[in-house]
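These notes concern the structure reproduced below.
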Amino acid sequence: MQKQELSYEDSKFTLDTYWLDPISDFDEPVDQPLAIICPGGAFKFQSDREAQPIAMKFNAAGMHALVLHYQLIEDGKAVYPLALQEMATTLNWLKTQSESHHIDLNKVVLVGFSAGGHVVASFNSIMLNPDERKKIFTDDLEVEPSANILGYSVIDMTLGWPKDEEWSMKISPDIYYWQAQEHLTKHGKPTFIWQTVTDDTVPVMNSIIYAQKMDLLEIPYEMHLFGSGGHGLSLSTYVTKHPDGGDYNVYDAKWWELCVNWMKLQEILPKF
Amino acid sequence: MQKQELSYEDSKFTLDTYWLDPISDFDEPVDQPLAIICPGGAFKFQSDREAQPIAMKFNAAGMHALVLHYQLIEDGKAVYPLALQEMATTLNWLKTQSESHHIDLNKVVLVGFSAGGHVVASFNSIMLNPDERKKIFTDDLEVEPSANILGYSVIDMTLGWPKDEEWSMKISPDIYYWQAQEHLTKHGKPTFIWQTVTDDTVPVMNSIIYAQKMDLLEIPYEMHLFGSGGHGLSLSTYVTKHPDGGDYNVYDAKWWELCVNWMKLQEILPKF
Amino acid sequence: MQKQELSYEDSKFTLDTYWLDPISDFDEPVDQPLAIICPGGAFKFQSDREAQPIAMKFNAAGMHALVLHYQLIEDGKAVYPLALQEMATTLNWLKTQSESHHIDLNKVVLVGFSAGGHVVASFNSIMLNPDERKKIFTDDLEVEPSANILGYSVIDMTLGWPKDEEWSMKISPDIYYWQAQEHLTKHGKPTFIWQTVTDDTVPVMNSIIYAQKMDLLEIPYEMHLFGSGGHGLSLSTYVTKHPDGGDYNVYDAKWWELCVNWMKLQEILPKF
Amino acid sequence: MQKQELSYEDSKFTLDTYWLDPISDFDEPVDQPLAIICPGGAFKFQSDREAQPIAMKFNAAGMHALVLHYQLIEDGKAVYPLALQEMATTLNWLKTQSESHHIDLNKVVLVGFSAGGHVVASFNSIMLNPDERKKIFTDDLEVEPSANILGYSVIDMTLGWPKDEEWSMKISPDIYYWQAQEHLTKHGKPTFIWQTVTDDTVPVMNSIIYAQKMDLLEIPYEMHLFGSGGHGLSLSTYVTKHPDGGDYNVYDAKWWELCVNWMKLQEILPKF
């Protein structure tokens, strides 16, 4: 892993980059898809459990991976709209990297967990709509994602998380950013959604309302709501399990296999 | 397979029975769970594609299986409430069979596809609520199901299927039976729901509204909405594929494995 | 399941038949492959754990299944050559059933476990070689199997099972029948072999020597030798687990999935 | 990936290191298992197809990974015994890294493909036997592997690969090193072996004779011989497939899942 520093206006932010090397046995390098991962952490931190272990799964599936350290509540700054501007900056930066790292820019996937999912869903809703985007990002968006993956994602901050409005105000004093589903348009991209119905932190209704909005707008989606397990499962395997036990659910680990199948369906990965 | 004829009042109906034999190597026979399967077919017929092939999967998983030939639109009769009375009659009949066939009556699962799913969902909503049940079934319900499995199920007949109200009126002149979700109470049982979001016959919103109602009532559920494939997929493998091609989707076949996991979670099947 | 009685000369024997019904939704019935299952049981009995539960797996995979109650050591009779004559008789009988039950006679698989595997391997070695067959079976063999599946199979009765030669003499006073690999010729059919290397009853060398002989003769085969688990695992899942615990190994249950893949490779089952 | 240069006596060699970072959310870092990967390439090169893509699978499974660029036929040097000395040097070097990189030194796995498998099998046979080791490696071996994984591995250079003895002489003028199985002792470690029986480059008998020797010595092993596919399959998925088609077999890709199960069995990975 190598750190990459980028900036939007005067705000610096960091990417963890996990590049695949080209396979020199091949006559010429193959461009590979890429995943940009937004870990969760309640906008207070970014959990390592949803960073490198997730990047490793994408790498193993033949995809480059980046972990975006999007804006948190810190230094007196709000998350929004800065997190969205950082994501857009990251996407545009990919264009400068595609030749040296052999990136297939038509196969970029945004991946968000919990709070990080709110960033991804908001990007999908707001930033892919040119009319809304240009209010907060004056450059062109030169690289668009082709799909999103949302794990136990916050969608609407009025549905139970955060628990108090004061916290929501710190995330964004502008309530425009509270409800990602409200801004979704036909510009939104196909989205894979998974969560547990027994999530005791972010109510599953977050996932359901986003799916319903996608359904209404006829945007392709897939949604898996598992019957057990709590919040923050990450891979739901021993790899991301807390050493002291903690939450872990063998059935929910199926999400990754389902997600790979779906990426094949979306032609991000080859079918065979 | 052996046919079993039962009757509710003066209406006769038929079960296809797929009993597991006890394993004589064991010191004593083990009581096995049982699935009652309601195939789809628009209330005009019951599709063989959702009958024996499904029964075989339950048998292979160590469960007895019955296919219930519930009341169709025929002989000038409506489906409801007769289909519900037949299901109740079947459940009570199980009690008479449990000793000879070694049935674990605490592990009975109702399984419905498409129109057959409407029967199962309605039974879950209406017949497990003693106040409603006694209006149409005066006997006690001596055996209750412990879980339901709904595949691309019709839930609410006003959501797109049937296409014309005339058809709905034939299914049930009493509109009380049109919307299964409306009658769901806390008496409802844990339910596994799957469908494709691209179902072109029964809108996926049928599944979503039933899940939402379960969520509201805090009834355990699990829901898998796949991103591709049409209506009537059954197992979504070569086993139930039309010889002339037709609808078939390799990704959606995962529903069965997810369903087995969920039955383990519900302790209908052993975890190991 | 229905019992079917057949006879070879004056010896009667029984089949348990598990026929798939045709799917009436299809324009015309589809001919299905068929598996003939020989359970193990040390030639003293046939274990139910390797009978119906195995038949159910084949049925669920879209194949007819028969359990052959081949000759045991009883009534003062030896197993061989009668067991082989019974298998040949069963295969020829299939021809009389293929039209009524829609059997694809080009896709018949012989499946043997433990002692039952010795019957299958011996059939493959001896009875598919016309020169040897005609010595003990004067009719033509009108239906040939297209593949074999051997689970923890006895191959060579001098390799550790049976423990005493007296037992082998009861199985077959003619030592010609003791070593199935010795008689294998190029007439043998593709074979799937699985066992555990830790089998404490039938040494794994039985599987290995049969594979080596197939390799030498350039007969296609596949072999999976698992690193743990004992003898007689059957499906190695809860379905065939002794209620009082007994041998059971979650990793070894993979054999079935590998076996289905191999049947696809052999074009016994459709690839998709 | 970072390059690490090591040396044995005056020979320099290189490792590609793929370290997992500790998860900072945990109270304290967890020591992780480690895989040392020896790609194949006929001792003329090391194939990238068996390097980083394999390392990524181990990383994704929660294991550190190194790719060992063992001695090739070049610069007038032979492969043996230098490749073995390099492997020993690498293992001892791990001890200096275990604290900083959180390596569980009791869970080190050697992984070899094709020619690289010959290095691993030879290490297992020769270098884990103290009597033989001290003839070519005078230091103590401070870190021992706990298991081996061999993919379509060369074991015995007289069994069909290399095709001419001249080549074998370049690999090792000392014929002592030609037949890895000959030197195997009870010091050898549990080994997972996989190959295709249709391998047209390295005859499958290589795998079988090593398994037989392990069986004789009562060293735990597991062996999967698939019925189709050629040599050099690597992961046997799209990830390592030649862009121009080439060899690729969907069924053989199961080896990785079986291998992970086996690592669980060996307690290199947690069972859940």
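Chains: A, B, C and D, in written order; residue numbering restarts at 1 for each.
We take it that a contact is a pair of C-beta atoms (placed from the backbone, for glycine too) under 8 Å apart; a residue touches a chain by one contact, two chains touch by 3 or more.
Here's who's who by UniProt: A, B, C, D = BD-FAE-like domain-containing protein.
Every value quoted in this text rests on a predicted model; they were computed, and no experiment measured them.
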Greatest separation from chain C - chain, by CA centre: A
Cα-superposition angle relating the copies chain D and chain B, to nearest 5°: 180
Inter-centroid spacing, chain C versus chain A (mean Cα positions, whole Å): 51
Gap in Å, rounded to a whole number, between the CA centres of chain D and chain C: 37
Junction residues of chain C - those touching two or more other chains: none
Contact graph of the chains (line, ring, star, complete, other): ring
Chains touching one another, given as label pairs in label order: A-B, A-D, B-C, C-D
Chain C - residues contacting chain D, complex: 190, 192, 197-198, 204-205, 208, 211-212, 215, 220-228, 251, 254, 257-258, 261-262, 264-266
Chain A to chain D touching residues, read off their complex: 1, 20-28, 30, 47-49, 52-53, 56-57, 59-62, 238-244, 248, 250, 269-270, 272
